[in-house]
Amino acid sequence: MTYVRIVWAHLAKDLRLEWRSKDAINGMLFFSLLVVVLFSFAFDPTMAVSRQISGGILWVALLFASVTALNQTWTRELRHQVLDAQRMAPSPASALFLSKVLANFLFVSMIQIVLGPLFIVFYNLRAIGQGWLMLLVLPLGTLALVVNGTFFAALSLRTRNREMLLPLILFPVSVPALLAMVQSTTAILTGESDPGLWIRMLGGYDVIFLTLCLLLFETILGAE
Amino acid sequence: MSSVVNTTHAVQLHEVSKLYGSFAALRKVTAEFAVGKCYVILGQNGAGKSTLLRLIAGLIRPSFGICSILGSAEAGTMRHSIGYLSHASMLYDELTAMENLRYSARLYEDNSHSTTSLWQPEQVLAMVGLDARLDRPVGKFSQGMRQRAALARVLMAKPELLLLDEPFSNVDLASSAQMLRVLAELRAARKTILLTTHQPELARPIADFICTMHEGQIVSLEPAQSPEGRSA
Amino acid sequence: MKKTLLIGLPISLALLAMGFYQAMYVAPTEATMGNIQRIFYYHFPSAIMALLFPYVNFAASLVFLATRRSNPLRAQAADALALASAEMTLIFCSIGLATGMLWARPVWGIWWTWDERLTSFLMLWLIYVSYLLLRRFTAGGQTQTLAAVLSVFAAIDVPIVYMSIRWWRTQHPSPVIGGGPNSGLDPSMWPAVWWNLAGWFVWGVMLVILRYKLERKRQWTEQESALQALEASLETAR
């Protein structure tokens, strides 16, 4: 119970900070909007193939956008050495991690709520498969991005070139998740194959890496 | 908080060294800091004062040597009894003082240390002379106010051992005086205080011992001679 | 280091020479691919080595994480081994990819295909590049801890990568000729495979040991110079 209260305290703080500064969300929103617009110049959205590639575009846009935000959430803790206070607090470190994951999850979900309709309009999309499954794929995929992203952002926090390091270590590890997101989204949009396998895989990926991150976060935070 | 410790020494350092690559920030420091005393640590920039405090706080680990805090040599076990304040405020600029303190209070509550073992945010803010109703974010505070708010955050967990790294730098005189009053009360309540400063004349009234550091070593540790020190 | 070279170098060179002889002169020419198939005798051992050393890296990283507080000396040794095996993984992985591409070009008519094996291999390569980049970008005592953590992530991620790519490719069968390159290998070709495998194995292990010793020496020199600085300044301070 105490654990939940601590997670909530961290999360409420992060949401309040974001509400007052709007550092992460504005940048993320505009960035992913730009990516969608740019992609529609690069790949003509009126073509029949747009249905095939739009799953990929959506997730790549979200991946890039979340990287811009992931760095923000931890830099905030570096200012005025708040991170030292976090490291000295007796509350469990994993609670801090979990709250950051939740905060980032909320931010990226908010982006999706804005971006989703735009995407449908720009690419003239209509799910041929079972559209409601997207309600499963989107949160699971977002979680997969955000769990490892938050962890690796914390990992690269006190290194040189941290802004650059994050994508370099995040992207290779995220390949299976990205593959599953894109494949399931494409399967739903085209209705040509069954997305079930990929959705299950996303779920498995989320569980495995969330556990791993929670176990190893204290090590990362304590590393000098 | 049940951290009344059965030891006469708040901090015991035995041949503690801290190396960064081939640079030695602390060199075989052996020292003891008694419970309930106030130590003022002097020294030039790069003498190792901040490293010493960060090491005692458990934020960094010694490369060699043993560092025992409040009777425990295992790092991290005593962290609820240590208050560490650096010249950075460790507060969020976007939040008000009350919000910062309430948040911090949550992190110090858990089953073994219930809420009653913490001061209320209003109480500590009153101690450092800040108005709890102030709804200005900390980022808009003056340096003195911000530092007092930072001190309030540290005091909230009722620490036995206070580590203050340059608490008076860039702080106006009124705020420094207020902070000194609080520290004097803590000293009277038998809390241990380790304080580094560039302005020894400010801290002298509350000092029991003056400790001088040079090039990563403690070169002298002597009782404070100032007559005001006795009267304070 | 001299001893390692003295023992390792003759053995590996002899094995590799035998392997070369077997591969180039003894093994029969493959019916459809011709002489180009002989690159297989180099491609296969590198690929196997690239799959072997990640396990060493993972095990060493686990030892590091487990002992970094309780037994720092052992942890340092484990970290040196982790670094050595990671670099070796990358080298063999690169050789495997390069020889594979050289082989694919004349045989399949393409340099690269997104086949399950090739893609997983590329992912392995990418992950170890990011591991070494992380080591380069971090400073001081945190490098080893962070790298060990990333190694654990890599170890868990690689099987998932492999499975996901398998599923991906089974859903969209690729037009690549034949099954695995290993299927239906003529018995007369096996000696060349074994000699080369043994040769490259000894060669790889020798390089890892050399690299390990080099890293240990670096750690030792760093510590020594730090201790020297410590002692020297103690004298001047008195």
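All chains are identified by letter, namely A, B and C, in their written order; residue positions are counted from 1 within each chain.
Methods note: a contact is a pair of C-beta atoms (placed from the backbone, for glycine too) under 8 Å apart; a residue touches a chain by one contact, two chains touch by 3 or more.
It should be emphasised that the depicted structure is a prediction, and the values quoted were computed from it without experimental measurement.
Chemist: Pick one for the touching-chains graph, please: line, ring, star, complete, other.
Modeler: Chain contacts: complete, every pair touches.
Chemist: Among the chains, which is located farthest from chain B on the basis of C-alpha centroids?
Modeler: If we average the C-alpha coordinates per chain, C ends up farthest from chain B.
Chemist: Mind having a look at which chain is the central one, using mean CA positions?
Modeler: Taking the mean of C-alpha atoms per chain, the most central one is A.
Chemist: Pick out whichever of the two, A-B or B-C, is joined by more C-beta pairs in contact.
Modeler: So, comparing the two chain pairs, more contacts are at A-B.
Chemist: State, to the nearest whole Å, the distance from the C-alpha centre of chain A to the C-alpha centre of chain C.
Modeler: Here chain A and chain C have centroids separated by 32 Å.
Chemist: If you average the CA atoms of chain B and of chain C, how far apart do the two points sit, in angstrom?
Modeler: Computed value for the inter-centroid distance: 49 Å.
Chemist: So what's the Cα centroid distance for chain A and chain B, whole Å?
Modeler: Once rounded, the distance between the two centres reads 39 Å.
Chemist: Two or more other chains in contact with one residue: find those residues in chain A.
Modeler: Counting only residues that touch two or more other chains, chain A contributes 224.
Chemist: Using the touch definition from the top, which residues of chain C touch two or more other chains?
Modeler: Chain C, residues with two or more chain partners: 140.
Chemist: Can you name the residues of chain A that touch chain C in the complex?
Modeler: 148, 155-156, 158-161, 165, 168-169, 171-173, 175-176, 179-180, 183, 193, 197-198, 201, 205, 208-209, 212, 216, 219-220, 223-224
Chemist: For a test of understanding, state which residues of chain C touch chain A in their complex under the given definition.
Modeler: So the residues of chain C in touch with chain A come to 65, 123, 126-127, 129-130, 133-134, 137-142, 145-146, 149-150, 152-154, 156-157, 160-161, 163-165, 167-168, 171.
Chemist: Within the complex, which stretch of chain C touches chain B?
Modeler: Interface residues on the chain C side: 140, 222, 225-226, 229-230, 233-234, 237.
Chemist: Which residues of chain B touch chain A in their complex?
Modeler: Residues in contact with chain A: 57-61, 79-80, 82, 84, 86, 88-95, 99, 103-104, 106-111, 113, 137, 153.
Chemist: Under the definition above, what is the set of chain A residues touching chain B in their complex?
Modeler: 2, 5-6, 9, 12-13, 16-17, 20-21, 76, 79-82, 84-91, 224
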